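After this come two complexes, each holding chain A, first together with chain B and then together with chain C.
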Partner chain A sequence: MTLTTFAPLPVVEEYREIVEDRGYPTVREWKRRTGRAAVGSFPVYSPVEITHAAGMLPVGLFGAGNQIEMAHADSRFQSFICSIVKSTLELAFVDKLAPFDALLFHSICDPARNLASVMARNFPERRAIYVHLPQNMASSGAAEYYAYELRRVAAELGAVSGRVPSDEDVLESIVAFNAMRSRLRDLYALRAERPANLSTAELYTLARMATFTDPLESEPLLADSLRSATTRDARPKDRIRVVVVGSFCEQPPLELIAGIEESGCYILDDDFLLGWRLFRTDVPVDGDPYLALARAYLDGSLHASTKHDLRVPRAAGLVASARANRADAVIFLGAKFCEPGLFDYALYRRALEQEGIPHLFLEFEEKMWMYDRIRTEVETFVESMLFV
Partner chain B sequence: MTEHHGAPDHDMTGHHEAPPRESPPAAARRAPVETAKAEPVHYQGRVHELQKELMNAYYAELTDIAKGRSPKKNAHLLIAGNPVELVRAFDMVPVFPEVNVLQIAARKASLPLIQKAEELGYAVDNCAYVKADVGLYLSGYEAPYGTVPKADLLLCNYVGCNVYLNWFEHLAELTGAPAVNIDIPFIRSADGEPSPQDIAYVVKQLEELIGLLERTTGTTLDWKKLQRTVELSAYVGEMWAEIKALTQLRPAPYDAYFDSVTMMAVLYCLRGTEEAARFFETAVADLKERAALGKGPLPEERFRVVIEGPPPWPFLRVFRDMFTRWGAVAVASTYSTVGGIWEFGFRHDPQRPLESIARHMLAQNLCNRTFLQRYDQMARYVDEWKADAIVIHSVKSCRLFSAGQGDMREYFAREREVPTLLIESDLEDPRYFSQAQLRNRIDAFFEALTQRRITAAAAAGGVA
Partner chain C sequence: MNVDGSLVAGLDVGARTAKAVLLDAEGRTVGTGIARMRPDFTGLARDVLAAAVKEAGASPDDVAYVATTGLGRYNVPFRDLQITDITAVAGGAAHLFPGTHCVLDIGAQSTRALHVLEGGRVKEFRTNDKCAAGAGGFAERAARYLEVKLDDLGTLSLKADSAQVISSVCAVFAESEIINLVSVGQSVENIVRGIHDSLAQRGQQLMKRVGIEPEITFVGGMALQAGMVRALEQVLGQSVNVPERPELVAALGAALLGRQRLVRQQEGIAA
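Then we have the complex of A and B:
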């Protein structure tokens, strides 16, 4: 797979294989080196600062991708349930989750919630913590309540690591994640501005690296990559400009992302790994850190299909992103059987049609490994945009 | 939630396998099933008749509102642990999209509505309740039983089901009606109890909701009226709990799945009203009388089962018959607790109306409790209602119910050694009902149970 036509970014080279390695080699290495615990976070958004403040490594759990065969989990979850739910359970059955001392699940959808229960029953030795994310953004009680919920989670995580974080610990971790997320935002801005300088396959690899690396270590790597990518002398190709949406939880294989680009698209914005860069700006570090995280979630975060903010319709958010990025089209790249994603498609389609923005609907599964059909669809779409 | 006996179940075209009427499966031929030979069973009784009357009146009122003949305001809200008492206290009429669309499915009219929504971009894998409701809206809200008024307020009580959030968000965008989410934190405690902070948060939102209802109706809350509504809910809850306890008897005087849905219609749509109280007084008396006479819904109760999951509304009668022919009666069901769990002691409290509504929403309904707490609930049913087996009806639309039911079967069959059957179809979409396959699975299951009994009896006889 060629990610770019010019000098590759060293960090991307280094991590290209690791991001899909379900042996979690870097997590194991971090644990050996520090003697501390690691916590797996099921998507979409997870309050990772708190895991970190409790002295543990927060790690994004993105199912098994196309790395393992399903042998046990599909007898627990039916055929009409998305792949990531089943493959995450499968990882546990084949002991691939061994590096994780606890797991965090969040109120994103019904299958993920039931997965938390099934996981807890089958693997009682690994604490499964369920986090409630607020859905009444307009209530005056939401921030305070969500701050309470985060404190509750801190106590549970503290029981795993043996260290309930102090407010100072949480503030320090917020600082670390602010820095990391700020680099990610810069990288996203660079790609939107000069998409020839940084491919989405590269950006994805970098962002994915940040989901299993201590932010104190990933931030300099991201900063390096940003510098290198910015100074690249890249000539734009004849491609259409698109915004990709729908892959906020289960992740498409990296080859598929690269395939979409190679089929003639510059991706200006996307919702891959969304939870790890959810905040639009830095979380304030003066005052109660839990309240600051709560407010950032309620009032300072990106649109997400699992966050139902009646104040600002998500479809309007998508249209705004397409407009701001001067996108020619939107590609909806949704995970098969992903209920929140598929629901959003109906609203997106309506809004995009009203606005006269062309779009392409694609469905993927993390476990797929043949991309010809999707590539052909994208190529046909691109041709229709460029030449018709 | 009415059963419509006028419409034959085999009337659907093309979307399911033909019923095996000519050649019943071997299992059925061998089994000594009395009811299979008898005349078709008539399930209706006094309770059904009264329910029909009340539901007709309810829909007549909705139609009057929709047609501008009544000045009353309405709120659309969802079944799982809802704050209908507040809506009623404002003299608003609650509209339940779930009840609307399941009735359409029961009349075999859901498919065109589902397809209408799919044309808009809804996926085949989206919950068909939502699609049918969107389709109903696009059809001018004209239903076979009346007209549904457009919402004055979309009151999304987010109790467990995440699809609820999508559903009302879509209605808000499509209809332009004002919408609010009431955020109900999912139960995270091992004992299933909400924390004081959980309760305070929900009460705060209910107070904000009162403000919103005041603005919607242009009136102020009459606290006495709210207390009376909550008192009526408590009274109905008490009677419903009494009714639920009756199926612990042998034979169970009614079917706790198929007959419960009849009562659930009133419990949900009319809870908090005097009419609901009168209905349940009649139901309690009627069912107690049946119990005293030793009467069950079937000529003979041969198997006592717990049924988990919502029913296949488009084929309710056919589905019921599949159990009837084996003399299988549901003595308990999880579906009858989606709106509230009263059988374990919860009652609304008129002295603390908001707090008790909050408790109901947080912890006293199936949907906001964890999947494992559902296992516990079912285990209690098996033990205390003395069931022989569990039937899990896994519906594709509703992942709240179904996601992970394979693990549930594993737990009951392997760890608790309760015979457990897992079957799949849908609650609203007739395309997922495979009649011959379901019947074969159900027949094979009850045949195995029969065999097991014969073996056990022989073994016991041998010892004696």
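Then we have the complex of A and C:
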């Protein structure tokens, strides 16, 4: 028996607290350093390449976590609306979104649609840009439509930065994001292959760092972490292997992710921060960049509950992921009041039961700060599988 | 079952003490360790494991699997698996007394009642609330008030001739009652028996909620006190099993379950 543990990853140590800091200190520092603008992007997916090509820093907006009290947003949204929508609005009310020169919203669900207009009405001085994502993924006109929509968004973003990006600018940004996403894919592959070498809490911190850092700066940090994690001499623990789904938009607290792992699970695949690593492969850079982005979204992206695609049922994708990762079970970690996620759970559950894959349903809110109950549920689930 | 000559350790990192039980390839206990709690959980776990390894005449490299349980089960970075107290206690109690259907575990901070099925599988369980009134920590504080050693409570209680009633459900108020009883001249023996009666009644209430069914096994540090065992048997109106080392049952259960996992791993069964 080896009574040693390996050293933490330096990038994870550096960013562990920053990822939860709704003062966006690194974004403020980037703006001071470059004199350029920053754009906040509501999840799930955002065409960050275009923001970047327009000379601005795309930053993921992932609500307020458990960092602020709701004082204003509750009077703008009903009690049955998910936390991330309300807390994002609350951040604006308490001036935490000041670093952002514009905000991007997308047609992913009704509350997100409404957030865009509520934000625009309450804060007319900050431009709110709405991206109409294609709804019919299989339509022959979808790629052309979405490429057109992306050009419209580029013009709007150009009005914010003062520079409408050229096609060459967009291609350069695609190259930068391709590299960053490629490192994330490498890290995900390492975790799936050797989960003892890289915990999901660490991987999440790294991926979250990439949501507020220029890809030209985050890619080397991810590459360095990949090298360090790969060379770790890690003794695997006795845990069950799980795939986690349901947290594609509102994000669970980092402590909750760590708690699930500590309770006896190796997480092999997940949909955390999904939009920032949505594309399965590099986006081609040898043609019309807008059309390439559109086709990547339509035909080359991961499953998402906010992306309705009848060609490949999402439940089948989940089962395939569980099989490919040799997972013992699936954990559905769904945000409270998340309609797209909860609708999918019904389909996931049926498919998993048909396939004989054990599963556990857990519900979270970003503002939660006590995890005892969920840990007990996970431990009980794990023990039911380990000691049959 | 064969563990290929490898040792399996069960570590119970509890609220007052950390305990280790080491099993050999045949599932026999070959070493134990126990140490008083201190803030450095990891170091403490290493120390109790080292003590058990030393007692077994083995080396740390002989330990093939470490299963942890107890309050500090997550604070042992070199563990293979952590197991809830509920599952570990049930496994240990059922191993020692295969006819067990009901287990009462009173530790320093928690009291648990378990209804156990054959083979130690848990059918139902209840734990005390966060208040320490129903757990051993209360007895420890009472001993301090009464200026007696904790280890002496068991024999003092057996000498009682008129058990006093400790009625409060709250440890703080119960301590006030104890002080009042001292001030009116009640003997320490009678007060200690009142404390044991109080703990026994709380244990009985928990057990009722999971269904009292013989055989009953009483484990945890409080089961070391003979007076406590007698109080429980009188409250329940039946005898209870008490292991020789009741404080080690959770660690033993963790070790047994760890051994089960090690065997399955060696057989190539993941989960």
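Before moving on, here are some points about what is shown:
Keep this in mind: the second predicted complex is superposed on the first by the 383 of 388 C-alpha atoms of A that agree within 3 Å, B and C clash if a C-alpha of one lies under 4 Å from a C-alpha of the other, contacts with A are read in each partner's own complex, and residues count from 1 in each chain.
The criterion applied here is as follows: a residue touches a chain if its C-beta (ideal position, glycine included) is under 8 Å from a C-beta of that chain, and two chains touch if they have at least 3 such contacts.
This is a predicted model, so every value here is computed, not measured.
After overlaying the two complexes on the shared chain, residue contacts for A:Pro313 are found with chain B alone; chain C is out of touch.
In the superposed model, A:Glu262 lies in contact with chain C only, and not with chain B. Using the contact criterion defined above for the overlaid structures, shared-chain residue A:Asn114 touches chain B, although it does not reach chain C. Look at A:Trp369: by the touch rule set out above, it reaches neither chain B nor chain C.
Looking at the superposed arrangement, the partner reaching more residues of chain A, out of chain B and chain C, is B.
By the document's definition of touching, of the two partners only chain B reaches A:Asn136; chain C does not. Once the two complexes are overlaid on the shared chain, A:Arg76 sits against chain B while remaining clear of chain C. Under the contact criterion defined above, no residue of chain A touches both chain B in one complex and chain C in the other.
The touching residues of chain C, counted against chain A in their complex, run 46, 60-67, 74, 77-84, 87, 121, 257, 260-261, 265, 270-271.
The residues of chain A lying in touch with chain C in their complex are 1-5, 235, 237-241, 262-264, 326, 328-329, 376, 379-380, 383, 385-387.
Partner chain B is touched in their complex by these residues of chain A: 74-78, 80-81, 85, 107-111, 113-118, 120-122, 130, 132, 134-142, 144-145, 148-149, 152, 306, 308, 310, 313, 315, 336-337, 339-340, 342-347, 349-350, 361. If you check the complex, the residues on chain B that touch chain A are 117, 120-123, 125-127, 130, 158, 160-163, 165-166, 169-170, 172-173, 179-183, 185-186, 188, 195, 197, 200-201, 204-205, 208, 370-372, 375, 394, 396, 399-400, 402-407, 410-411, 424.
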